[in-house]
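What follows is one structure encoded as structure tokens, with my remarks underneath.
Each chain gets a letter, A, B and C, in the order it is written, and its residues are counted from 1.
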Amino acid sequence: MSHWLPRTYLALVYLLLYVPIAVLVVFSFNDSRTGYEWGGLSLRWYEALFDNRAMVRAMWNSLWLALSAATVSTLIGALTALALHRYRFRGKQILNGMLFVVMMSPEIVLAISLLALFLLVGMQLGYVSLLLAHVTFCLPFVVITVMARLSGFDERLPEAARDLGASDFVMTRTVLIPVIMPALLAGWLLGFTLSLDDVVVSTFVSGPTYEILPLRIYSMVRVGLKPEVNALGTLLLVFSLVMLILSQWILLRSRR
Amino acid sequence: MNQTLLSLRSLSKQFDGKSILDSLDLDIYDGEFLTLLGPSGCGKTTLLRLMAGFEHPDAGSITLAGQDLTHTAPEHRPLNTVFQNYALFPHMTVFDNVAYGLKMEKRPKEEIRQRVEEALAMVQLEDFAGRKPHQLSGGQQQRVAIARAVVKRPKVLLLDEPLSALDYKLRRTMQVELKRLQRELGITFVFVTHDQEEALSMSDRVVVLKDGLIQQLGTPREVYERPANLFTARFVGETNFFPGHVDRANGDETITVDVFGLKRTFRKPDFPVSEGQPLHVLLRPEDIRVLAPDDADGVPGKVVERNYKGSTLDSVIHLADGTEVLASEFFDEDDPAFDYRLGEPVRVSWVDGWEWLLPQEGEPEQEAATDA
Amino acid sequence: MRNLMQQPFRTAVLVLVWGWLLFLVLAPNLLVVGASVMTRSPGTFISLPLTLDAYRQLFDPLYLEVFLHSLYMAAVTTTVCLLIGYPFAWSLSKVGKQRQVLLIFLLIVPFWTNSLVRTYALKLILATNGLLNSALMSLGWIDEPVQMLYTEGAVVIGLVYLLLPFMILPLYSVFEDLREDLLRASHDLGAGRFSTFIHVIVPMTLPGVLAGIMLVLLPAMGLFFVPDILGGSRNLLVGNVIKNQFLDARNWPFGAAASIMLTLAMAFLMFAHRLSKRRIGEDGV
């Protein structure tokens, strides 16, 4: 078959995927108030963004939530992956199945079930409820990332380290952790991004005490056009791009 | 001379209620090359892992030069292991892999550098110190694994099927090299393999294992020429089993045995014999003589298969009663075109004194022999 | 291996993981099942007696219409994703290895970018005085702006835009595994291009198709913010109904019942996916 047809097709789809993003970036530098016509180059929407104290606070809140959710889910997820990999225990299949179900379920199903739980036990909706919810939906992704790394891991490596005189602790520090490190970092970055991007679950389990960025954006874009959102979106895009390049670089570098 | 270094006493090990080793005794001599040989599942790898300390015996003891190691953690045993798939640390360079064990001993930096370089020179990998394992070929990874283990100067080196991942030619090269290393270092090697050819060509002594029991312990020559039982005879090399029975005992020296109606006189075996007792006459294919059909000696048969093997001609001969005989004959310089036609009538014989006698066991499922 | 890690550590890990999953996954889901068969109550959200009213309400013509419309939009979204994604993944798997890495990277960049922001970007394009209308008018293809925003089409475009990578990635991975020699063997045995497609390519890529459907169809019923931004009040998803019932109307039993319907749909799709994998000799997850 000729080569130009599939290639043109690929190019066309990529074009469609990137046009909205390009429009967003270009319009973030637009001086015009209305948001549709080009009114010259300007940074006014970026200024407006950082002048908005509630917005800045929401940014910090989101960043802190994403950092903590990614860290906690990486810790628990890595331990879970290790347990699934190293131990034989009853209900292993069930545990695996539960993680898979969490990953596949529509977010909204997870969201209402967690809301029901939090209200039932009388927990105040805010940072803690957001953290618990975000860790829960990040967890399976971390487990899968680490498991993939462990499945390529030679069972004999820990034994080789012990054989050469390393204690269990030293073996974990010098062999086990360095070998799964790329997966831990990749899992952490994935968790961070998922948390930062989440709208559906956060809509349900957040409270007035802790406003986060996606919900603030949500309330802004529901009605009309807000040019600040262009600026904010561009910043988020650059941010995710850096994170993504970082994680891909880590994964590629460690592939052997 | 043959001083015991590592002594295993009534070792038993079960996994999930299944007995892998059953009260096994074994003395390993200082400086010898000992091979554990057996089919998969015979317990040879478990035995090695017990010595290394990765598994703990349910019963029994392991002592090294009088020191009890039974419950010592692997990191505190003066034994090192070369693993089946090398188990090189993927995130470390060749140098760091080899240095790992010395760093664990907290040796001074300069000493580590020197000893690692020596070890790498010994396996001819001086120029590869800065590479990562994935940049090496299988044979090179194998050498790193060996260097990493011997740099610690262990009392015993344990090798778990170390050559099984290599191709045939490389395997032969590494066999020679391992043998050379063992001679140079003077370290005791305990080598696990399921390849009987490898076991025979490399070892000072061979332990034949089956179902967690030692079937035979001896030099390669003993194991091959004088197998202790039917299992060893079948597992080590190819063998013809001819059914016979004792015709009569001629005093203490010889007995006469009836094989295919031929009355042959053999040396009296180690086991007690009585007249009329059935037994096996074992003959290796290379001990078989194929004679012309008009020869007075031997048993008549027909050639049903012939395989040209380069230096030998291997043939399968069907005797009249259906017994299959494997024969392996060297080419004769006088007759380079020597060959058989399929269906060609021949007579099968052998030189008296080359046979080996074994008693009947619970046939056809031969049970493990009680003792060698 | 097992006895290399101490028992207390093992126990701690297992307790932590099981505790987390039982408390934050199993318990909440049982709670939703329980809520779906209880009676609505203004103060405590739910109360006895047990009843199937919520499920009956699902079939109320008013809601049934919303659900069917949501299912219809989700089905259209999935179909469009499949039609775009299948040839896309196929073409992608034929590109040189080096370039594939870059192209996959470009595909997941949007996935890592805030989905609200991307949905909002579509709004810029689709609005009545937005870019698309301006472009079409300056080309002279239309005389006056066409209503694009707040239509069913806008919701489908939004959903496709957000969910396309989820269709492409599983498809790409099955095309990656589709070995050339299988196709050659099929041609060698006398099958033409069409027969090879029907008898070899389709069955071999079916698990990827079903995985893609699973990853697109369900979110396409749940992503309530897409109609909120692009669809107006008439093009609602099941997700919007669940959200409204839980957060605004405070009708937990009804919201829970709707959510259980979604879960059942997921279970059904997962089952189909497993079957299709078995068929080509791979173990289902």
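Note that in this section a residue touches a chain if its C-beta (ideal position, glycine included) is under 8 Å from a C-beta of that chain, and two chains touch if they have at least 3 such contacts.
Bear in mind the structure is a predicted one, so any value in this text is a computation, not a measurement.
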Chain at maximum distance from subunit B, centres defined as averaged CA atoms: C
Top chain pair, ranked by how many C-beta pairs fall in contact: A-C
Centre-of-Cα separation between subunit C and subunit B, whole angstrom: 59
Separation of subunit A from subunit C, taking each centre as the mean of its C-alpha atoms, in whole Å: 18
Between subunit A and subunit B, centroid-to-centroid distance (C-alpha), Å: 56
Contacts with 2+ other chains: residues of subunit A: 159, 162
Residue ranges of subunit B touching subunit A (in the complex, touch as defined): 52-54, 73-76, 79-81, 83-85, 87-91, 100-101, 104-105, 132, 134, 148-149, 152
Subunit A - residues contacting subunit C, complex: 6-7, 9-10, 13-14, 17-21, 23-24, 27, 35-36, 76, 79-80, 82-83, 86-89, 91, 95, 98-102, 104-110, 112-117, 119-120, 132-133, 135-136, 139, 155, 158-159, 162, 168, 171, 193, 196-197, 199-200, 203-204, 214, 217-218, 221-222, 225, 229-230, 232-233, 236-237, 240-241, 243-244, 248, 252
Complex contacts: residues of subunit A adjacent to subunit B: 154, 156-157, 159-167, 170, 174-175, 178-179, 256
Residues of subunit C that touch subunit A when the two form their complex: 1-2, 4-6, 10, 13-14, 16-18, 20-21, 23-29, 31-32, 35, 45, 84, 87-88, 90-92, 94-95, 101, 103, 105-110, 112-125, 127, 129-131, 134, 161, 164, 214, 218-219, 221-225, 228-229, 239, 242-243, 246-247, 252, 255-256, 259, 262-263, 266, 270, 285
